[in-house]
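Take this structure first; my questions come after.
Per-chain residue numbering starts at 1, and chain names A, B, C, D and E are given in the order in which the chains are listed.
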Amino acid sequence: MTMILGIPLPALAGQLLIGLINGSFYALLSLGLAVIFGLLRVINFAHGAQYMLGAFTAYLLLQHGGIGFWPALIVAPIIVAVVSALIERTMLSKLYGLDPLYGLLFTFGLALILEGVFRWQFGAAGQPYAPPAQLAGGVNLGFMFMPIYRGFVIVASLAICLATWFLIEKTRLGAYLRAATENAPLVQAFGVNVPLLLTLTYALGAGLAAIAGVLAAPIYQVSPLMGSNLIIVVFAVVVVGGMGSIMGAIVTGYMLGLLEGLTKVFYPEASNIVIFAVMAVVLLARPAGLFGREA
Amino acid sequence: MSTLVAPKAATAGTRQQRDPLGRIGLAAALLGLVGLVAAPFFVYPVFLMSVLCFALFACAFNLLLGYAGLLSFGHAAFFGGAAYVTAHAVKEWGWEPLSAILLGTAGAAFLGLLIGLLAIRRQGIYFAMITLALSQMVAFIFLQTPFTHGEDGIQNVPRGHLLGVIDLNEPLAMYFFVLAIFVLGFLAVWRIVHSPYGHILQAIRENENRAVSLGYRVDRYKLGAFVMSAALAGTAGSTKALVTQIATLTDVQWQMSGEVILMTLLGGMGTMLGPVVGAGLVILLQNYLAAVGFPVTVLIGIIFVLCVLLFRRGIVGEAIRLLKK
Amino acid sequence: MNSAAPKPRTDRPLLEVRDLNGWYGESHVLHGVSLDLYEGETITLVGRNGAGKTTTLRAIMGLLSRREGTIKISGRDMIKVPVHKTAHAGIGYVPEERGIFATLSVEENLMLPPKVAEGGISVEEIYHLFPNLAERRNSPGTKLSGGEQQMLALARILRTGARIILLDEPTEGLAPVIVQRIGDVLLELKKKGMTLLLVEQNFRFARKVADRFFLMEDGHMLENFPTADLDSKMARLRQVVGV
Amino acid sequence: AQEISDDVVKIGILNDQSGVYADFGGKWSVEAAKMAVEDFGGTVLGKPIEIVDADHQNKADIASNIAREWYDVQKVDAIMELTTSSVALAVQGLSKEKGKIDIVTGAASTELTGKQCSPYGFHWAYDTHALAVGTGGALVKAGGDSWFFLTADYAFGYSLEQQTGDFVKANGGFVLGAVRHPLATTDYSSFLLQAQASGAKVVGFANAGLDTANAIKQAAEFGIVAGGQQLAALLFTLAEVHGLGLEAANGINLTEGWYWDQNDENRAFGEKFFARTQRMPNTIQVGTYSAVLQYLKAIDAAKTDETKAVAAKLHEMPVSDAFTKTGKVQANGRMAYDMYLFQVKTPAESTKPFDYFKEIATVPAADAYLSVEDSGCDVSAFPK
Amino acid sequence: MSAAAASPAAARGEVILSARGLTKEFFGFKAVSNVDLDVRSGTIHALIGPNGAGKTTVFNLLTKFFAPTAGTITFDGRDITRTGPAEVARLGLVRSFQISAVFPHLTVLDNVRVALQRPANLATQFWRSNRLLDRLDARAMELIEAVNLADSAHLQAVELSYGRKRALEIATTLALDPPVMLFDEPMAGMGAEDIGRISALIRRIGEGRTILMVEHNLSVVADLCDEVTVLARGEILSQGSYATVSADPRVKEAYLGSEHE
């Protein structure tokens, strides 16, 4: 058998594929975070909580409404987006134009509340959520057993990422958003309804987190804690990709997923800090991140 | 938008001593000190000591954020690192407590120099992220090194005898020892902020390019501030190790870096007394809300949200604003 | 142009400002400013640095945190209208600090402000007027030189079809040839019936395009007079502005 | 002379009520403690009994601050539960210094009755050694003789892995490998692939809480059990099986000290607990019940709540209550009792709510716990 | 001016600042190409040219805020091509910025004091009281009066109007009292009155110092400058006295325009 660094080639192929799947989650999550940070200059610490909220909404829809995975994939993110839009309108919007620290502190507090309340209601061990029947089971790829559902996750996340990227980088709406980031009063003086735009942006970002949450529900335990440790890693992904760069967040998400996958084989203890090591190196060499425009 | 610091935070008036606000501040500080001297006779000393340690930690952090405009997201590395060093020195090598604290401080300063050399080359959010990344690696090293005993931490750290004479197991002796450290640390921060050097730090925070064009080697000023802040954070961590008699992973993890940011903002960054008040409040919440049967984190979350929405300048910051009126 | 200075008019002004007060936070900067601007007319605000010229423009656009008084466009009261609807009354703003967006390319900057009315200048015409912009259309906006940014700031408003344009020191930092070109452009616009409110330190330039001058000092509007009277008012101007 | 300090017996329940380990004991343990007080009769030696509780948020320094304040200001007489080892070790150290009794039911470290033992410190419910003997030893005997570990990169992970590995080897099995993952990892697929590739008959999860739950859920997804490998969760309780659901959890082997459906008495206790909390208790919660009850019995027997006297009674009295009939406290403070190896039922086998376990083997008290000699606790240093 | 300028070695009339083959490319776009520039000690030298000609970029290169793509820079006989921006300022080559660069939340007085601190050796003492800085006040006020900001000395710089920020920036630059000063459009945004005042000020400080300035206000250039260099499209178009340069038809076409008398 061909061996690479003491690992049989097929096993390595399997590990790379797994890395890619995890990368899909990083990409989706960092995408939402990058949208919110890039356009609102808010470091959305509640992103992990919104991800958790997405998963829990799907779970609750199933438990109490008998609504299954496919409808939930649409409905749950919309619910989370609407709730987030309300929060933005009533509270977060008061903090724009101030130091980003305040947005961070606010969303941090929000995350504590959301996670705390769910932990109080549902405990920490989590709730089960089964993959949709159509995607149950797996196929043997020869080098590994591939759950069909995970294949679906890769495809779905790619599609969502590209659609979002297009919306922001290639449409007029996106140009308004980017301009509003720099000088909101002026864009408003040009006749653009900036507050509405910002609300929609926050809702979009939160909705993306919730989609990731619904997609994660059949794989991970639906637990109040599922997002809390993720946020900081995902934020690192955004920074490595280059803040404000949507494409950067997506590509880096996949790349770091792969890298983390490899670390899990060669030095598993370090698998959750490898991203930070990469971040330190990248920022020292390329201050604006891999895909960032230098300021 | 690009700076990470609230503009109005620190105009630490160079003539502060003379204006009425400065006098009120001084009065408040003195009153606070008198209160602290009397406090252990009314309030539980160990609680007070924890507050003092975290207050010093927050003051050190505020030196960097509130006055130099640098948001470090890695200060836990200095706090927790120093706690480990001191705990180990006291417990395994039998060091005298004061010298162990100095050792922890020196260790933190050295770590601050290493991290600072890399981090100060970047600004704003990138600075925050580099400090986070490097401190995560520091935390990882502490997790992997045997002397820290993993998540069990270094337990039952003896408080020992100060300079070989004063028994620090006496709660009051320990309390006044900690109070002395705190007051010295606080004065050090105060002096640095209200010094010619502090004035340049503020200028750099306001407009780095302009400072460069005036001939200031801004990197050295920032590095200086970073190392001083790290060292003081280390003093706080070392002292905390003796107060609670443990040093654990919680002290070096990023959540601790987050906590000190919260304390500082809650109290009012860029004010001298803000971090002290913020630290007191957070510690109070963590310890006393623990028994109310409602999730502590939810309550803390609600307080942060309210604080950001209603008292944006922090408690002390808002008080100053009211007084100015 | 100057010879066509308007007689006292009886029709309704296109832009009417009465007793406008404005604040930055706590500090009261505008004290009862009044001015009127008729269709097709160009007026220039003059005054010392800090007199409140910029603030007047910002107040009209709704960019101050607090303003009081009356602002009417075509008779419609704008004071309560939200900021983003102001522009749709047909008014465009070229700010003093230019407000070019760094994350947008030159072309995106140009295309950014939404059209508020028909009749704006086409992109081709703009590139013809300002060839520098055409050349650098794909660079990030703020990588343009100071003068190029000024051109861009003006050009993008011309695209929107606004009928009233507020210009804050449009010739600041521009090379004489460009100042001349901008002067020509403004005259051209006037011919098309555009209404302009200008803030300008460069008298030579202002005299070329303006119909009337408004004199400001310390947040008060002192007086206004037609361009024809400029020479006779020189002594007064020297006193207030120090020409 | 009968004597109760401050005319009240105060027992503090200090545990994680909002964090990762909130399901182990949490506020439900507080309920269990209150049941013990009621079952005891509400008073001891004629004085009232009071339960206080607090959430230590898994931070040792907060825990030790609270404990100090309880002892110094609130006049708490004993502290119990103490989830997670850093907290338990810190508070036990403090209690020893203050001459107070602590009974740990929530932490697993054998250090508590080993090198860091205390004359007034007791360890109820379980420890890493018992889990290792139960799951490691008994499974090998049942044929699972080659193992691969997924271990949390933390001290409790190491000791679980190491102690279990020792039993596997001692019983003639092999350890084929281990992979160490950071705490709070969410995706285990990479590690599971490595476990699959190892060809081991048993995949042992030397981790805890949500980590174990996620690993098990993904093991089901990747068809580990379907592929013929067995899963053994070294630190896993009923509460977490409940959270995971039988779909994902079936077939897992685990060791617990108590299960509600084992006999009539357990069923009665479980039902009573369920009526109050809407869930069936696990080992830790019933363990806390037992600890509180035994402590009260000891005070009653000693006719005082003075620490040394009560500790002496705790050491000498056998434990026989709803929790266990076989309990004996060793000189190092370890309460040794029979434990059980369970396997989680398939959804088809389960007939009623919380019907999750089938019993595979009993782990006799004598095997389950380290003897005083082997524990590393220097009991000769204890004051007489 | 009271404090004597650190006098450089170059005698009056000799070249003190010079660039050879100075080139700067931005992602393939040549903003400055192959510029040779000599600034003589004791002169006021103007750098003019159409917008986007590369004037500010030349400033950035000379003061090391940008690293040149090619070429060398010598200041007072020493090669500063590789020196850092703060070092260059310490050697006595100080600039102002085209887009105002003040310390926004410091008062006007404090803005100037920051500049005075370094020459007074009051910048690194972190263990002493900032009351020491009070001794700089007299000098700072002198400078502030010179640019007509005395009535705003205790306002924060953000609260100043645009033109007054420019004035503050000039005062700050003057505070360092450097032998060579580079001004990027010092008159931009200023009212007629202030233009006269600042011109006079520049003329006064020009005595015994060297000044290189970018300026679009031609009457100021004509009035003040001994030497004029015209830049267009990154290259030198013409050079000489104002009279010579303004008579050059190429300069007329590229910069001055037809209306210029």
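Everything that follows uses one rule, which is that a contact is a pair of C-beta atoms (placed from the backbone, for glycine too) under 8 Å apart; a residue touches a chain by one contact, two chains touch by 3 or more.
Molecules present, by chain and UniProt name: A, B = Branched-chain amino acid ABC transporter permease; C, E = ABC transporter ATP-binding protein.
Just so it is clear, the structure is predicted and the values come from calculations on it, not from any experiment.
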Could you name all chains that are in contact with subunit C and with subunit E at the same time?
none
Greatest Cα-centroid separation from subunit A: which chain?
E
Centroid distance [mean C-alpha coordinates] between subunit D and subunit B, Å:
37
Distance in whole angstrom between the CA centres of subunit B and subunit C is 51
So how far apart, in whole Å, are subunit B and subunit E when each is placed at the average of its C-alpha atoms?
42
Taking each chain's centre as the mean position of its Cα atoms, how many Å separate subunit A from subunit C?
45
Listed in rising order, subunit D residues that touch 2 or more other chains are 18, 153
Residues of subunit C touching at least two other chains
none
Residues of subunit E that touch two or more other chains sit at none
Every chain pair meeting the contact rule
A-B, A-C, A-D, B-D, B-E, C-E
Using the touch definition up top, name the residues of subunit A that touch subunit D in the complex.
8, 11, 14-15, 18-19, 21-22, 116, 119-120, 123-128, 130-131, 138, 144-145, 147, 149-150, 219-221, 223, 225-226, 229-230, 261, 264-265, 268-273
As the complex stands, subunit D meets subunit B at residues 17-18, 27, 52-62, 64-66, 68-69, 72-73, 84-86, 89-90, 93-94, 97, 109, 111, 116, 153-156, 158, 183
In the complex of these two chains, what residues of subunit D are touching subunit A?
18-23, 26, 153, 179-182, 184-187, 189-191, 193-194, 196-197, 209-210, 213-214, 217-218, 221-223, 227, 239-240, 242-245, 247-248
Write out the stretch or stretches of subunit E touching subunit C in their complex.
26, 29, 48-54, 56, 98-99, 159-164, 167, 185, 188-194, 196, 216, 218, 254-260
What does subunit A use to touch subunit B in their complex?
41, 43, 91, 94-95, 97-102, 105-106, 108-117, 119-120, 181-182, 232, 235-236, 239, 243, 269-270, 273, 276-277, 279-280, 283-284, 287-288, 295
